[in-house]
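Each of the next two complexes has chain A plus one other chain: chain B in the first, chain C in the second.
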Partner chain A sequence: MAGGVYEQPSDYIQHHLSNLALGNHPDYGWGFYGGDKVADLGFWAIHFDSVVWAILMGALFIGVFASVARKATADVPNSKLVGIVEATIEFVESTTKDIFHGRNPMIAPIALTVFVWVLLMNALKFLPVDLIPYTLEVVFGVPYQKIVPTTDPNVTLGLSFSVFFLVLFYSFKVKGFGFIKELSCNPFSFKNPVLQAVFIPVNLFMELVGLIAKPVSLGLRLFGNMYAGEVIFILIATMTALGFSFFTVLGGASQLAWALYHLLVVPLQAFIFMALTLVYLSQAHEDH
Partner chain B sequence: MELVYIAAAVILAAGALAASLGMGMLGSKLLDATARQPEIAPMLQTKMFLLAGLIDAVPIIGVGISMYLIFVVAPGLA
Partner chain C sequence: MNVNATLLVQMIIFAIFVYLCVKFVWGPIVAALEERKKKIADGLNAADRAAKDLELAQENASKSLNEAKQQAAVIIEQANKRATQIIDESKAEAAAEGDRLVAAAKAEIEQEVNRAREELRARVAALAVEGAQKILQTQVDEKAHSELLDKLAADL
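Up next, the complex of A and B:
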């Protein structure tokens, strides 16, 4: 693996699909590991590259939006950046108004954060596969690097479960005990209390399964899209490794085609993540 | 131990079949509705993209898992 010389394509793919994990290895102690050594780092291993790139994108989001917000004026936007930021905010605001009908001033900022952060994290896929990992390997000797945080299930499931806890928080805040009542009497509700009591476990089971399915599907959907796209980007990159031939040209063309397709997939997945977050939050605020 | 590849292929085939049927129906309904009321075409399109993303969800999770099977599990076994 040193110097990026790979015997077979699957080594190249294996290398580019493994994260840089920071953890305490039983025999080598604390340090950065990748590939197969990550498995025996145990539970306390942090995917360092996903965390760093996610924080970088978050900082980029906050920095750009804060600087533009500070210079906000009422007249026509003078620079393109201000125009982009205003368009994004208007888009998120109109979507929030369509989907969310409650009265909560926190919802639009949450939607904006989720949308732009996921969009920026996904947008890292447009960089060529080996641009950053290889330069880091040559310059800093970083062995493994997966720069798109959303291809890491921990990141996407972390995002979706934090949205899930927000939903639970607002459900209890708005509905209080009604939330438990809604969970336990929803599909089968009867006037006769005895019959109702019989059906409470059935209702609870069905409702809880549905409740858990929401964050899991929300997280895995984003992960699946980005991971599958990343694997195919890497596969295309292996095509160009065969020296200049018909395959290299085909590799270049398919790289371009797949990147163009992702011009649709990247914002669409960010939009779907935001839309579903809004749908779940508005369900949490419904008070019959 | 070549069953892993067959498993991945089955996941991909089932997901692709279901998604394409769903997308086909979605597209045809969109065209019918647009033909009936052309003025709401933009709104229909945003709804269509949202639903296309949702239809795509399960097959793409299947693709993600089968890619994991092919590239991580299979070399590990062999």
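Up next, the complex of A and C:
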């Protein structure tokens, strides 16, 4: 993308941080929009690139794992792929057993989906920032493309709110009315019913804030880490836009170093997301 | 950084992928892994049992070997005893047979001697008569002198 298209490095950064949105623009009608116009689309628009890449990564996960699962036998694993898939599943299974003590067969597959999907979406970061957006722009004329779905708060919050609804669902399923009681009679609980009644609104307020904070922090943590990393990648990429010089070499070296650092960040954030999902679901199953 | 319907779409996609994961990934693989665990546990148990069986079999084998050795020693001893016995018996028999043969031979010899003596005795009279005829140049009547001749033969 370097070479005269952008007037300032900030334009380049702005461009690379913009999603390709599909929506109804008040002035221009239905279509794909990017940059400043995305905000004008309002709520009823979707980030087309985020959704497509998220589906691609999810399909990759399901495709690879299901192909292994279809041929899964109790015999000796006959390929490295089978070994990797089985190791991943055993890792998720043992983590689930460590954190989640209830008996719910749905929890471990949810954790597996969260872990591998987030890991794959995060891993798109390892592709050079311009590789796919530039190719798409030159070949297909796609003006905007942000390929890492987890740098889109919609994606991470979508995941975390899905977890949140699962938490609500299981809380009601396991505890029933006890869940309401848990929200309204904590942290201030009294034997005296009148005093208790006075404190119910206070308790409810505090507990609900705590409850809502869980999915918001879960989603924003992942988003924040991934978005910050992406911004640094793009910033480093601007170095090479200055023409071939000392900065080109420095930029390349920095990209490499930052990518190596992300070998740590990418799986770690995926793991944290999965672990917290398990913790929240575990709390939903615990009856006090 | 706009929050929009992507959020809802993402939730729907998530639900779909969880469903696919439960149906096509988790179930079959975990079932296979459980089965493998069981298989390995069974294999290890079988190996333990086999090792125990082997130990037992070796013990049995060495026991029977010792028994066989002892029996063999007893049999050899008996055979040796029997052999010496047979040799001794044979020796005794042979000696007895020898003695018997010697005795028989001696008896025969004696008989032979006696017979020769009788024959000699019988022929003595004739020889004496013949000798006397030659000496006397005359006929000697055997009948006439038979009493004398018998007396001579009896003296021999």
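Convention: the second predicted complex is superposed on the first by the 284 of 288 C-alpha atoms of A that agree within 3 Å, B and C clash if a C-alpha of one lies under 4 Å from a C-alpha of the other, contacts with A are read in each partner's own complex, and residues count from 1 in each chain.
Keep in mind that, in the parts below, a contact is a pair of C-beta atoms (placed from the backbone, for glycine too) under 8 Å apart; a residue touches a chain by one contact, two chains touch by 3 or more.
Just so it is clear, the structure is predicted and the values come from calculations on it, not from any experiment.
Chemist: Does the superposition put A:Val202 against chain B (first), chain C (second), both, or neither?
Modeler: Neither partner.
Chemist: Quick one: name whichever of chain B and chain C touches more residues of chain A.
Modeler: Of chain B and chain C, more residues of chain A lie in contact with C.
Chemist: Looking at A:Leu60, would you say it contacts chain B, chain C, both, or neither? Reply first, second, both or neither.
Modeler: neither
Chemist: With the two complexes superposed on chain A, say which partner A:Ser10 touches: chain B (first), chain C (second), both, or neither.
Modeler: A:Ser10 contacts chain B only, not chain C.
Chemist: Is A:Leu220 in contact with chain B, with chain C, with both, or with neither (first, second, both, neither)?
Modeler: After superposing on A, A:Leu220 lies in contact with chain B but is clear of chain C.
Chemist: Quick check: in the complex, which residue numbers of chain B touch chain A?
Modeler: 49-50, 52-54, 56-57, 60-65, 67-68, 71-72, 75
Chemist: Considering only the defined contacts, which chain A positions touch chain B in the complex?
Modeler: Against chain B, chain A makes touches at 10, 13-14, 17, 217, 220-221, 223-225, 227-228, 231, 268-269, 271-272, 275.
Chemist: Using the touch definition up top, name the residues of chain A that touch chain C in the complex.
Modeler: Touch list, chain A to chain C: 21, 23, 38-39, 41-47, 50-51, 54-55, 58, 61-62, 65-66, 68-70, 72-75, 85-86, 89-90, 93, 106, 108-110, 112-113, 117, 152-155, 157-159, 161-162, 165.
Chemist: Spell out the part of chain C that touches chain A in their complex, as residue ranges.
Modeler: On the chain C side, the touching residues are 1-11, 13-15, 17-18, 20-22, 24-33, 35-36, 38-39.
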